[in-house]
Structure formats: C-alpha cells, structure tokens
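In what comes next, subunit A is part of two complexes: it sits with subunit B in the first one and with subunit C in the second one.
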Partner chain A sequence: MVMPIELFFLLGLLVLGYVAGRFNEKRHYRSIREGESRFRDLLVMNGRRLPPHLLKHQARMVSGNVVISVDYFKVILAALRNLVGGRVTSYESLIDRARREAVLRMQAEARELGAEAVFNLRYETSRISGDATRGVGSMEVLAYGTALIPPQ
Partner chain B sequence: MLLINMEFAPDKKITSNLGMVQGSIVKAKHVGRDIMASFKNIIGGELKGYTELMNEARDEAIARMVEQAESLGANAILNVRFATSTVTANASEILVYGSAVVLEDR
Partner chain C sequence: MTQWPDQNPQFDDRINNPPGSALGEFTRLLLGLGLVTTVAALLLIAAAGRLSPLIPFAWEAQITRNLSFNEADPEALAALETLGRNLAAHAAMDEVIELHFHLLDSNTPNAFATLGGHVMVTRGLIREVESENGLAMVVGHEIAHIHHRDPIRQLGRGAVLSLVWALVTGGTGQTGLEQVLGTGGMLGMLRYSREMEREADALALDLLQAHYGHTNGADEFFLAMQNQLDREARVEFLQTHPLTEDRLTTIGAYGEQAGELQPLPEALARWAEKD
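Let's turn to the complex of A and B:
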C-alpha cells in the first residue's frame, strides 16, 4: 500500500509540533515560576487606590510585552475542538503563559527603576498573525502599569 | 515627559489640564521575520523578532504622542492607555492616548 506523501508530511509536522511544543511549554513554565518567585516581593495591583505609605512616591509608567506562537499540534487540537465545542485547553495555556511572561517583564523594568510596587495594571491582548482559516497563529500580550519609586 | 497610567501623580499636583493627546502607528510585518515566524508556528515558543517589532512600534507611537503633548506645553501625560488592532492579516495598528497636563512638585 502506498501512503500519500502529504499524509507523511502532516504526521511529521504533528509529531514535531507535539514534541517541540511540549518541550517549549514546559521550559517556559519553569522560567515563569522562577521569575514569579524572584519578583514575589514586588507588589502588583490592578487598582489605583494607593495605601498611605506610597503617597509620597514618584510614579512612572512601566510595561512588558511578549509575542508567543502556537505549535502545529495545538492548532490541530483546537481545530478538532471546534467541531464539538467546549474549552480549548491548548490555547488556554498559551495565553496564560503570555500574560504571566508580560507581567514578569514589566516587573523586571520596575525593579530596575527601584520601584516598590506597580499599580493600575492593565492588559492588552491582540492577534499578530494568522487569519480565520489558519487558527490563532500568534498572540501578543502587553502588560503596563504605574511603578511607584521611593523618593530619594 | 513623565508618563503615568493613573489619573494622578502621588508626589505632584496638577496645575493645568491641556486635553487629550494621542499617537498611532500602523506597522507591517517584515518578510524575513515572517519566514522565521511560520517555522515557529510549527514548534511553538516566543517570536522574539515580533516582540521587538511591537516594542519599537509602541515606542514610536509614544514618541508621537509626546511630541503632541510637548507642543501643548505639557510636562506629563496621565491616564495613558494602549489599544492594538489588526488592520489586515499583515499589519497592526498601535494607538496610545492620554491626558496632557502640567505637573508641579507639591
């Protein structure tokens, strides 16, 4: 029996996507957890009511962004999920990673300025490439907020 | 120019409000970066080229907004917000806007 070459190609992409995507995601989550424990003492709030001890601080805007791509396996998984509906867990982890990474980069910028806290955090999410027929492609997440720097 | 995304600066007071200012930019993707990106679409992971591209675009939009604020005589922009939209499959628009004000030390 002769298998069509396209099928082999597709299977190859699927396997490559699964293996490399898995590896990338695990490695990324490990670095996110490390970063989050490093910045645990840098308070991030999405409100803007300042506690009394921060009222004399200098304010400066900080931001962090990341563009993250899906892997081929996830695209196929999501396409299959579209047939029956329900939670698309393969994209959930993608966007979760991007959001947490963006916040970490914002915190790194705030830490460099010597900030004590970041208030009024806002997220901005957008799709960079890909269209309706090709699935998500890649997502950009921007996190920004106001860093509060102790007065000299 | 001081940028803050809250409507006040804790250590300063607002002496005059000069109205809203904004800057926007439409940026297309780079072909070379796009080839790399389509490869990354198979294995997943961060697209560093695009992260940089968006960063640069955002800086440019901010520069345009700051220019506008400077011409009004402002020294700070409060309540800064970003908005991103996809114009076509290959280009995205970045908008940044805020309120130009004059701040003074308390």
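Let's turn to the complex of A and C:
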C-alpha cells in the first residue's frame, strides 16, 4: 500500500526544494540588499501630498512587478502548518522578497526617467498559479507610484 | 510642517522575515502530526478488528460470490470436503457460516482462508504432508481462521489503514479502499496477525484432538517446510507464515503426541501426484 517509490519521489522533491529554495532565497536577499543601497537616494513615499520643492516636477506613473515561486519544501511545510494553524513562516519570506523586489524594479524604472522621487506608492498582489486546494504556487506583487522628474 | 526625508530608510530584514529554522519547524510538525495520526490509526484499527466480526457473514459471502474456481478433480475435492467438514463439526461454528473447500493447482505448498468461508489448499501442500493428520492440521487451522472471522477482521483493519493513509497523503479515500477491497484482498493475500495465527493453531489442535483422539502428525507440514530444499518455496511460505519455530513449539507442548496416523485419502494423494 505504501509505495516506496512514491516516498522516494516525495523525499527527493523535499530535499531538492529545501536545498535549491534556500540557495535561491539567500541569493535573492543579497541582490535585494544591493539594490536597496543603490536606490537609497531615490526616495519612495506612499503619501500623495508633495513637498514644496517637488511641486514643479513632471509626474509619470512607474511600476514594477515580480513573480516569485514557492519551492516544494515550503509547500509541504505550509501544508503541515495549515493543519494546526499559526504563522506560515515559510511564506513570509516569499512575500517579503516579492514586495521589496517589486519596489526595486519600480525604482529602476523611475531612475531611467531621471526621477528624483516616487510618490503615492501602491501595492497589488495576486496568486499566479495554484488554487485553493493546492495552496500557493507562485505569487505576484505589483508596486506602482508617481515618479517625479525635475523640470528641464 | 512635515519633515521630508532625503533617502529611503534601511530596515532590519528580520522584522518581516523573522529568522527561524525551517527544517526544525518541519521536523516538529511532522513528528507531532505523525504521532497523532499513528495513535488515531491504531485506535481505529483496533476498533475495526473488534467491530468487523459483527458484519453478517452473508455480506462476506456476497463479496466472494463471483469468485470462480477451476475445480480439478471431483473425487479429490470430495475427500478434502469430508475431512474439512468432519473437523469443523467439532468447532461449534456459527450456523450461518458456510465452508467452501477448494483445491488449487499450484505447486507452491500453501493453504489460505479467505472471505466467504473459502478454504484453499494447493497441490504442493498435499505433496508435502505424509498423513491425513498433517493435512488436517493445516485445514483445521484455516477453518479456525474462518470460525474466528479473521478474514473480515483483517479486511476491516486493512481498509481503515488504507483510509488513514489516503487521508494523510491527501489522496481520495476511494483508491485506498479499492486496493483493499480489490481482488488482492480476497485471495490468499490476507495476512493475519500473530495473535490470530496463534489462536487458529490452538483451535486446530483442539479439532485434531477431538477428531483423532491425539495430535500426532500435526507438525508434519511445518517440519516439511523447514526442511524444504527448494529455497524459493521455503522463503515464500515463511513470509506468509512467520514464526514456524514457535508453532512447532506450541504443537509439541499441546499434549499427548502418540497415536496412529491416518493415511491420506487415496483420491487426494492420487490428484496431488498427477502432473
């Protein structure tokens, strides 16, 4: 009844998910930190009211979106957590990375336009694949805002 | 007047993504849930073992209604039936239980009892025993399984186990149940627990004692299997019948061993030696 071959597959996927997922997550966090220090001076605010020195700037919408996939280990871990409840820590890092990466991409767009700051930052998020029965597959975060470009 | 910053803050990574050992969390959850599931499964299986005998025998018979047997030799079969019914007469069996005896044309020495009161004996087994007494021990053992309702108890336990497994692995309960209720569950594939085997041996010895007045020859088949030269056949037998040593001890301890052995019924012996 318990097919050993199925268990081997399960174990193999778990190990692959854990090792590859960990490696990818570490690498992603490194690149996020680098990006954040590169864009430290490109101010991002979520308010709508502009400070006086930006009032004459041109406004353009900029956006950044990212899709991040969950690994197999995290899916199983979350599935186990779903049985007993509590914080689904395995998905927390996923959300954190996606949100920060989306802002970075939005900032990259803003810098290409020569913007000094991005105001009125908004986030959207959605599930790209997977459904309610199979748990999260991968998630999208979209960050958008108004880039303020100095007048010529 | 709002103070406007001139750069973005650097936040601590650990606020939105608190550090923690994913592997540790995984192990804790798995062990905890595994423990709960195991305890629940054991309770359910025990309950199934207790409750299954309450299933009417007619239902059991209904499941095996469509089993068809290639009945070899009417005379040999009649001889086996006579032996079986004579033994069963001493067992005070529930009158709704019907026994059906079958001869299987297989060279592997073995005997099974399964749902619906079917007892099967292979050609190979009849070749291994020297006297009717040796055969009677095996047939009596299988009759005892049926008297104790072991096939349905084991089926109930297996079904519960499959159900639990299906629930845990997220599969549909249907496939698991189908596996157990499929043909695999009917024919010889039922493995009885050690306790069931012990109880069946004890009753079989009682039947032999009542029928022949002694238990001489009861160990014939088990001794033959221990000395079996064909390694494959021996391994196969010992896998489905563990604890052969213990059983020999039980038989030896039963009591008076001396007594006259009955020869195998002629029709059976003839059938077994035929190619």
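Keep this in mind: the second predicted complex is superposed on the first by the 149 of 152 C-alpha atoms of A that agree within 3 Å, B and C clash if a C-alpha of one lies under 4 Å from a C-alpha of the other, contacts with A are read in each partner's own complex, and residues count from 1 in each chain.
By definition in this document, a contact is a pair of C-beta atoms (placed from the backbone, for glycine too) under 8 Å apart; a residue touches a chain by one contact, two chains touch by 3 or more.
Keep in mind the model is a prediction, meaning the values are calculated, not measured.
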- Message: Per the contact definition in the header, classify A:Arg81: touching subunit B only (first), subunit C only (second), both, or neither.
- Response: second
- Message: Which partner chains sit in contact with A:Pro51 here, subunit B, subunit C, both or neither? Use first/second/both/neither.
- Response: second
- Item | More subunit A residues in contact - subunit B or subunit C | B
- subunit B versus subunit C as contact partner of A:Glu109, first or second or both or neither: neither
- Message: Applying the document's definition of touch, where does A:Ala20 land relative to subunit B and subunit C: first, second, both, or neither?
- Response: first
- Message: Using the superposition on chain A as set up above, list the residues of subunit A that contact both subunit B and subunit C.
- Response: 74
- Item | subunit A contact footprint on subunit C (complex, rising order) | 2, 4-8, 10, 13, 16-18, 20, 22-23, 25-26, 29-30, 32-33, 158, 161-162, 165, 176, 179-180
- Item | Interfacial residue positions of subunit B with respect to subunit A in the complex | 2-7, 9-11, 29, 34, 37, 40-47, 50-51, 54-55, 58, 80-86, 89-90, 92
- Which positions of subunit A touch subunit B when the two form their complex? 13, 16-17, 20-21, 24-25, 28, 48, 50, 54-61, 63, 65-72, 74-75, 101, 119-120, 122, 124, 126-131, 137-138, 140, 142, 144-146, 148, 151
- For subunit A, which residues are in contact with subunit C within the complex? 1-2, 18, 22, 29, 33, 36-37, 39-44, 49, 51, 73-74, 76-77, 80-81, 83-84, 89-90, 92-93, 95-97
